[in-house]
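Each in structure tokens, the structures are laid out below.
Each of the next two complexes has subunit A plus one more chain, namely subunit B in the first and subunit C in the second.
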Partner chain A sequence: MSENKEKYKNVAYYPGCALEGTGHAYNKSTKAIGKALDLGLEEVKNWNCCGAMEVKNVDPKLQTYLSSRVMSIASNEMKHDVVMAPCNGCYHNLKKAEYDLENDAASVEVVEQISKKAGHETYKAGSIETIHALDWIKKAVGEEELEKKIKGGLKGLKVANYYGCMYTRPRNIFPEKDQGGDSESTDKPHYMDDLLAVAGADNVDFPLKTACCGGAHTLSDSDTSTKLVLNILMAAEASGAEVIATECPTCHSGLEMHQIRAEKMFGKKTNVKIVYFTQLLGMALGLSKRKVGLQENISDSYALMKEKGIA
Partner chain B sequence: MPIHEKSLIRPENIKSHDELVIEGIDVSGHWSTFIQSRVVTDYNEELEEEISALPGGEYIHRCFQCGSCTNACTVNALNADFNPRYWIYLIRMGMEEELLRDKEIIWQCVSCNKCTYICPRDVAPEGVMKATSHWLELKGHTPKSHSTIFDEVFTDQVMETGMIEESRTIRGFFGRTKQSLTQGWLIEMVKRLMRNLPVEMLIKLGLATFLRPRTKNWGAARDAMKEYAQEQHALHRKALKLDQVTQSDDSNTANQETN
Partner chain C sequence: MRTFLDIGKELEADALSPSTMLALGEETLECWITANDQVPTDKEKEGFRLIALHRQGAKGDPSFNACRETCRELIYHYNLITLDPEHDQTLQRLNMMKLVASHLYYFIAGKIEKSDFGEFCCSSRSVRAKLDS
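For the complex of A and B:
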């Protein structure tokens, strides 16, 4: 077990575009908890966009190439065995590229052809393991060790854990999930619940853990996204949650943005706060609100955290 | 949860007459309603083949109409007319005119992949929705949806610089769809963001809009990707037999202007 833990203690880090922009607080808090837990993150050199959903919609194989280039640099140039992506979109796309390159000859051919012209080594399926920030804490630290490092904790903060779509669907690109034991479930994911419970949160029974926030059409079909987000916010409040913990910059900014839009356009005000799970974990580890970028969120949770004695 | 689908009898096919006497019997009013018979004469036998030729549509032939996709669908829960199972049926039957009745909403698929997750036949209905949306646009049945425009603005930027700088994508999208950036809720969001944002973060975000973040030595990758995109685009047009129709090619994303 401990040998296995070592594998995840120093990993390649792929922040992706969103974490350089709207998801900056996620970037900051992820790095901060890595430091607090003595974990090494080496940023992928000269990385590029994973292709996101948009390039996939234009052409899926172009997205496969973009993601494969990131994995090629992390494995071939930087000699890492593991790459960690905190963004659900990046994580999903690296996983999808891995699956396609393992199973689809046509994708392999296109990736070989573009990589050759682009002048870098072609990524070979199986060279690197892609993990999410949740897997990272779970595998490199684990609940037992994490519990020992908690300083202050979350003091029974009522949390709805929101995982979104890309972390679990479709099932075929996540062969390690649904394997029983300590593996993640695609139907009822629990890694975030597990970690925040150890950090002292009171996880509420939240039925919309893997509901869709409409992130794909957040600007192109905003009314649909607002309705979907409002469902999530209202379900969290009805479950008794004070905050929604997020693990994806697109979900997070979508919830924040459409919480305001629901208020302005539909007259539906909700009070539940939206916080990255890494920010909650960081504060539970005794990091300051500044270190986890709490006030860089649009959703202003500082008063609540102060009242609870967390921040 | 059972699926409640719409009736195939449409209001315009229901005929009742305020005053009607047939063979001396008064059949006025709605107690005697007639349903106009429905005759399908416009089968497009190539419809399934065409949609299969576009990315995402490859596995449509596997569908055995269980309806799990519609049952799981996020958008169907908001709008019962959004019905992937029904559209897959129409495409496989070649009922093009029926499909075109819903042409304005098919693009609204949010790609949550609940359908692909649940599908027992690995049809990947999410992909079929994308392929069908592209088919509608390539055939000229609908203008490019806002979703397609967003995808293109985004993809152009990734191809050019290797990375996304979000404010540029947003400005490009609002510009191409001729929407105002001064909508009340957007202003409110920026105000709330500014309220607490540390100064160094403001400077960093501000600088990113001038100094575009980019992947170094990206030129060769960009050219290879554009070349591939152009080849694919030509193949799709050929599969839809569009080549002989028009020379002007405004849907080639690789040729779009970048912002």
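For the complex of A and C:
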């Protein structure tokens, strides 16, 4: 992996819509750790929505086009080889678009037609590599280099790492995973565990790290979502975790929101805190709680971090 | 076959054995398969009927892979407990196995409520794909 480090040090950055709203702290902490680790992020110019879940349901090929436009700008206009998307939804949709443009002639045709109408160069499959924020730190820095930059660290903070669903499913759109060696696993993802362990966290054995949180149905079937999230929170606590580390704004806000709702609807209070992995990593690198936007989280972890000597 | 709610009630009981929890997992999947007008398989995959049932449920319905890892975690905990019942972590493992079995139950409960649960996230398909095809 080390020979490729340079390739990942300066990447196109696709924050996506959530990171400008509910996931603002994720955006802030991602940029902050990039700066602390001497990594370059160049935001994709005039980026658009990846198509999220909504457009996919109206017209999946339109979603493919929307994601392809982001990759086209990053690749054709900004001349990047790598685009990094910290949001699982964006990451997933860009990967899905890449897969469709590689394997589905009808998608290629639609993307060509709309790109022509929109007046920009059509994205060609294979022109750019889409990575997640976890890949970014893992590939551009790596555990060895990261360890040297840790100041203070996470001091044995007990962490359950929650990856959610769209980081690993469906497996066919992530051909680089499950390749053995240092590659990511779709069965038991470990990149977040690896990075936070280097930062001093005590990762607990958490069996629901990719389990469904019902996120996509949170409005149409809130009780199911609340029950699923409550079960994830209870499992994290039963594992001994003080914190659930997240790497997706939808997972993060879903866990925070349903933690409150579970108490109101089912009378079940859980105390585990929900924190972005970038916030944890940032504090381990010596950044202040404000720099990583800890105060922006609904789940108030400040007292815990102070008690642990982290923030 | 018992009702789906009966399975949920039993899952709430204290001191369930690993084989009971595994059987409850199988029963949970049976409910989904039966609800889809299929006969639940009696076969095993990788030594477990739960895996065979999951595969049966996921055939033609990739959204069902949303519970693939949950099924595997249930088996993993079953193995941990039954292969070393005297381990000092057995009580903790039983507790975790129960939470994993509950998660499978809540997910299937969601699928029974709305069959397209997991459709556009875990299978990355439009919920209209079935209607359009």
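The rule we apply is simple: the second predicted complex is superposed on the first by the 308 of 311 C-alpha atoms of A that agree within 3 Å, B and C clash if a C-alpha of one lies under 4 Å from a C-alpha of the other, contacts with A are read in each partner's own complex, and residues count from 1 in each chain.
One rule holds in what follows: a residue touches a chain if its C-beta (ideal position, glycine included) is under 8 Å from a C-beta of that chain, and two chains touch if they have at least 3 such contacts.
Keep in mind the model is a prediction, meaning the values are calculated, not measured.
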{"item": "Clash or fit (per the criteria above) of subunit B with subunit C on subunit A", "value": "clash"}
{"item": "Which of subunit B and subunit C A:134 touches, first, second, both or neither", "value": "neither"}
{"item": "Partner chain(s) touched by A:118 [first = subunit B, second = subunit C, both, neither]", "value": "first"}
{"item": "Touched partner set for A:298, first subunit B, second subunit C, both or neither", "value": "first"}
{"item": "Partner chain(s) touched by A:227 [first = subunit B, second = subunit C, both, neither]", "value": "both"}
{"item": "Touched partner set for A:311, first subunit B, second subunit C, both or neither", "value": "neither"}
{"item": "Partner chain in contact with A:17 - subunit B first, subunit C second, else both or neither", "value": "first"}
{"item": "Which of subunit B and subunit C A:198 touches, first, second, both or neither", "value": "neither"}
{"item": "First (subunit B), second (subunit C), both or neither touched by A:169", "value": "both"}
{"item": "Greater residue coverage of subunit A in the superposed arrangement, subunit B or subunit C", "value": "B"}
{"item": "Touched partner set for A:157, first subunit B, second subunit C, both or neither", "value": "neither"}
{"item": "Single subunit B stretch clashing with subunit C - from 21-29, 39-47, 75-83 or 147-155", "value": "75-83"}
{"item": "Where subunit A meets both subunit C and subunit B, residue numbers", "value": "53, 57-60, 165-166, 169-171, 211-212, 214-217, 220-221, 224, 227-228"}
{"item": "List of subunit B residues in touch with subunit A within their complex", "value": "55-56, 74-75, 78, 108, 110-114, 116-117, 124, 130, 145-152, 154-155, 158, 162-167, 170, 173-174, 177, 184-185, 188-189, 192-193, 195-198, 201, 204-205, 208, 213, 215-218, 220-221, 223-225, 227-229, 232, 253"}
{"item": "Subunit C contact footprint on subunit A (complex, rising order)", "value": "53, 56-60, 92, 96, 165-166, 169-171, 173, 187-188, 207-208, 210-212, 214-217, 220-221, 224, 227-228, 231-232, 234-235, 238-239"}
{"item": "Residues on subunit A engaged by subunit B in the complex (per definition of touch)", "value": "17-18, 20-22, 24, 46-49, 51-55, 57-62, 65-66, 69, 110, 113-114, 117-119, 165-166, 168-171, 186, 211-212, 214-217, 219-221, 224-225, 227-228, 256-257, 260-261, 264-265, 290, 293, 295-298, 300, 302"}
{"item": "Footprint of subunit A on subunit C - complex, ascending", "value": "62, 65-67, 69-70, 72-73, 76-77, 92, 95-96, 99-100, 102-103, 106-107, 109-110, 113-114, 117-118, 120-129"}
